[in-house]
């Protein structure tokens, strides 16, 4: 299969390369980067020396590479302008940005501060959360790959909301992310000197992943959904930990519920009762690891969910979607154990 | 003033020394440690070379040092056995352990798994949270210094609960602590190789600070109090960040409420509206820094509170209490700016 | 191939499992641990959930597992007592401890503080540094897997010493190691609270890897060898960085020398002139990445060498040796790109 | 005393404020920053809330503030243009940049890539290393505050070179610095996502502190001086660790030598024989802590030196110099214990 990557110099780009470069069923035809055009990929990312023998190409030079599938790992606002030309030629696309995630164009425009230039492909796009939309993904031409926070939060709430067991009007997601979630751009607050040995919340009054999560949760229930979503910045490289709170409206064996819902899911691991998953236990992998608690036997369910924000939260899930779209085994290239310690 | 420290080889012990050794109104008469008896203090803690010229003494040799005040920085279960002898002689005591914090002996015994040997002093003990009990502390003979989590959580909820503005039956405290909160004992899970570059929750089904916090909150209101309390382990040395959730039962200017409540408090700093306090902004200081939000204008208040778990969460607050008890200025020795970066 | 692991609950044990569990040509027959006997491996290491379906067995129960090869990942002093029985039955062994590394028994006994119980197998053992002893390893029955520091230091000095270009009487190795090098035992100095956000040297007056390195260097030259070796502790999980200093005794193109020496080595990567390898560029891989400098054109060569102490410095090199011993492709299972970022 | 700070928005600026704001003998009259002019200082640095009630002023508005002393905490190339006007009016100046450190203008211009605009004040400037030039500093009008690396390296070599005990033609300084040494500018390599959990050397072929150190060492001896200087980047916030190597040309009691040389120095602490100083033991303090070793009794001395790069390596030493220049006690405001843990 011939694969192209648009926007390859960020963390999701190099992560796609890390996971794809070892596969013999995939040929990476090009990887573009406006800023790095002409640079060897392994000069920017020495970890890929011996694995990737490509130069970054100029995105403008990538007109027709007859790829089977193209990944967009570009900033928000790029894919909606460029992908339609490719899509119209019949190329399949997985977009890792937010351009095609929100079905409500007005909501998208308010949160992203741009006019959407391609509402027609928003309609056709399939949201790339296989645990919800596996069938549709397989036949989609355009997949909108979920955000990192939304993946963990939706998977954690899924069994509870789907089964109608909780008050969906007062959900709380207290979520903590490793700093690669902020991207590879130069920035003072993300310097090691500023962000290490410290911890803080951010975007408490409003974060772009809120409408994405609420849209996803609304698709699981007929009830009204309202979420309080608090993101925090962890002084770690990779990893998201979601701590989710929901009020139970009936008695239920939560452990059994979670195990049953995800029994056939290759990338969701429900831990034994009483467990506390660590982010490092999924470092470098496509796994989302969950545990569910009911503290003191009171009426609140607490779900703990961990994922690697660059893998299940981005590049790994994008490859999982690619596998589904291209008729390859869903887990292909995604089954390494975590790097731990 | 003559001061003694029982149990000085842990993190709260060395922190008491860091803060007290530079004061010229305080003489540290002894610092005991069963394990380290005979060792120079600055051999164990080279940061104190030139500041502390003492050896750890055997606690059994510390019979009568005619101290004005003695700190217990011992594991739970020690002070309740040893402090009464001192108290009976009239010495004043600040206990940094949990022995005298819970008024309900049965609750204490269930959570701490021991029989309490000194219920009579539990009754007389004053809970050392100056923002609530300043007057009583000043005249107390025995102060039970609050736990690290309870300090941040109580201060954060205080204005809301006291004013009756929230549903106290469904409070949530999602709290993250630096690893010194786990103490200085050798332990595999707290190794740098295990705990760094990772994040996890722990004790979700039940943590000893839950009844302490619920007791404190109950003292602020006539309503029923129920808290979901989720502690997490941060890969940082010092610092606690509490993210608190409460459902508002009426409209109110939260910023004004918080500023008014803490206007005269020297160690509570309400940040401007929209702020996100960082743990490093209080590193090494006795300050608790707060911000309050109402995301999306919906009905949930979100309070962010940071403190240094070893200072306002332990040794610093103990010294603040000591200052009050000895009639010294409350802020004496506690006003350094944070070490940032 | 049937493989056994003795002493599997430490970091080299879990790393062997991480690298071997994904291979379909290898069957892990048993993994023993006296302390963890009866525990599921993936209960101790959740990263292996779904990958390793074994319990730790008691080492005493592992009498005859008819393995093709057994790894000893035990503390020093164990393999010399237990491996001979296996070896006498014809089983091949890779020992990751120091028991068979030093040819001079008296030197070994002085540095390790024990009487050596099996000098006859020391004589037969082959030192497992493939870049020096590839042929001998392939036919060895017992391979003494090199220490983590000695691997990086020997590979870095190799081209210079072999070619007789430097004064081997005044070599200096200033080496920094990630904290997994200290093992998985509970220990106060290795707590995150003690070792993070700090840096120190240790063992400056004498470290056990000194005689191992000097023995290896002496095998490369007829000249007298004397090394000043200074280990330091890095607040990182994995990674060794060796900074090596040698006085040149003639003019030479160092870059060309290094590239030529390692041209055919699959696990030594000589970076372009002027480069500074980062430890993260080899995180999780079996690669040793080198750069060579001659600062200010003066007479001192400076070699920079990085490796992952748990892979090329331990488990990965052990598997490289296993591959050679069992006639498998040397690089099998060892070619993943590093986890970066 | 009235003090001004030019260039206050970097790490040395905020560190000057941290140390000076608690003093009652010092009034900070202004702190300028072109980029931050008009911003409250405590909005940029919340750690200073309640301690500094100033706005950053525009440097162009700071014409005549009748200060007793002004600190330049500006990038290289600024003070040489601006300070002369102040100096000519009689104001005393401590320059924390490199502008006045090198006596040889040609060497300075080669390493800093600029034409020096003020050679006459280079001649008059005193190098601010009190352990070498205490007298001259006291009466200087302009003090060139040493670089962070040069402070640790010069103090570590001082006793050996001064006494003529080592071969000064083959000195080696292998030095590791915390990341605040790279400043507060936005930069990809210094992101937490790039620099944490990793380690590398940099500038091996040539670093600007090399000529500064060689100039300093040359002032201690009549012999020829040649240094190999290798800086490395540590994933910690503060702290420099210098590991120094020198060949001894005679037998000597190194411990006694070091203790004698620094017996009267308030900010140099010689640790007991066999010690390994940790950077955290000086975190936040003006102390340089040393240990000296002679590994295996061979002919190489190894000196270990730690300092806080922002204090003894920058702002603290600048204040030590200020104290000397203004006739205040040299240690005033600089005697807090380190923040450890």
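Chains: A, B, C and D, in written order; residue numbering restarts at 1 for each.
The working rule: a residue touches a chain if its C-beta (ideal position, glycine included) is under 8 Å from a C-beta of that chain, and two chains touch if they have at least 3 such contacts.
Only a predicted model underlies this, so the values are computations on that prediction, with no experimental measurement involved.
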| item | value |
| --- | --- |
| Distance-maximising chain from chain C - centres being C-alpha averages | B |
| Reference interface A-D: repeating pair among A-B, B-C or C-D with over half of contacts shared | B-C |
| Selected pair, greater C-beta contact count between B-D and B-C | B-D |
| Between chain A and chain B, centroid-to-centroid distance (C-alpha), Å | 39 |
| Rounded Å distance, chain B centre to chain D centre (Cα mean) | 37 |
| Centre distance in Å when chain B and chain C are each reduced to the mean of their C-alpha atoms | 45 |
| For chain A, residues contacting two or more additional chains | 11, 180, 193-194, 196-197, 235-238, 277-278, 280, 283, 341 |
| Chain C residues touching chain B - in the complex, by the definition given at the top | 11, 178-180, 182, 184-188, 190-197, 235-237 |
| Interface residues, chain A side, partner chain C - complex | 11, 14, 17-18, 21-22, 45-51, 180, 196-197, 237-238, 269, 271, 277-278, 280-285, 289, 310, 335-341 |
| Chain A partner contacts - residues on chain B that touch it in the complex | 170, 172, 174, 176, 193-194, 196-202, 204-206, 210, 226, 228-230, 232, 234-239, 241, 243, 245, 247, 274, 276-280, 283, 293, 295-296, 298, 300, 302, 304, 306, 341 |
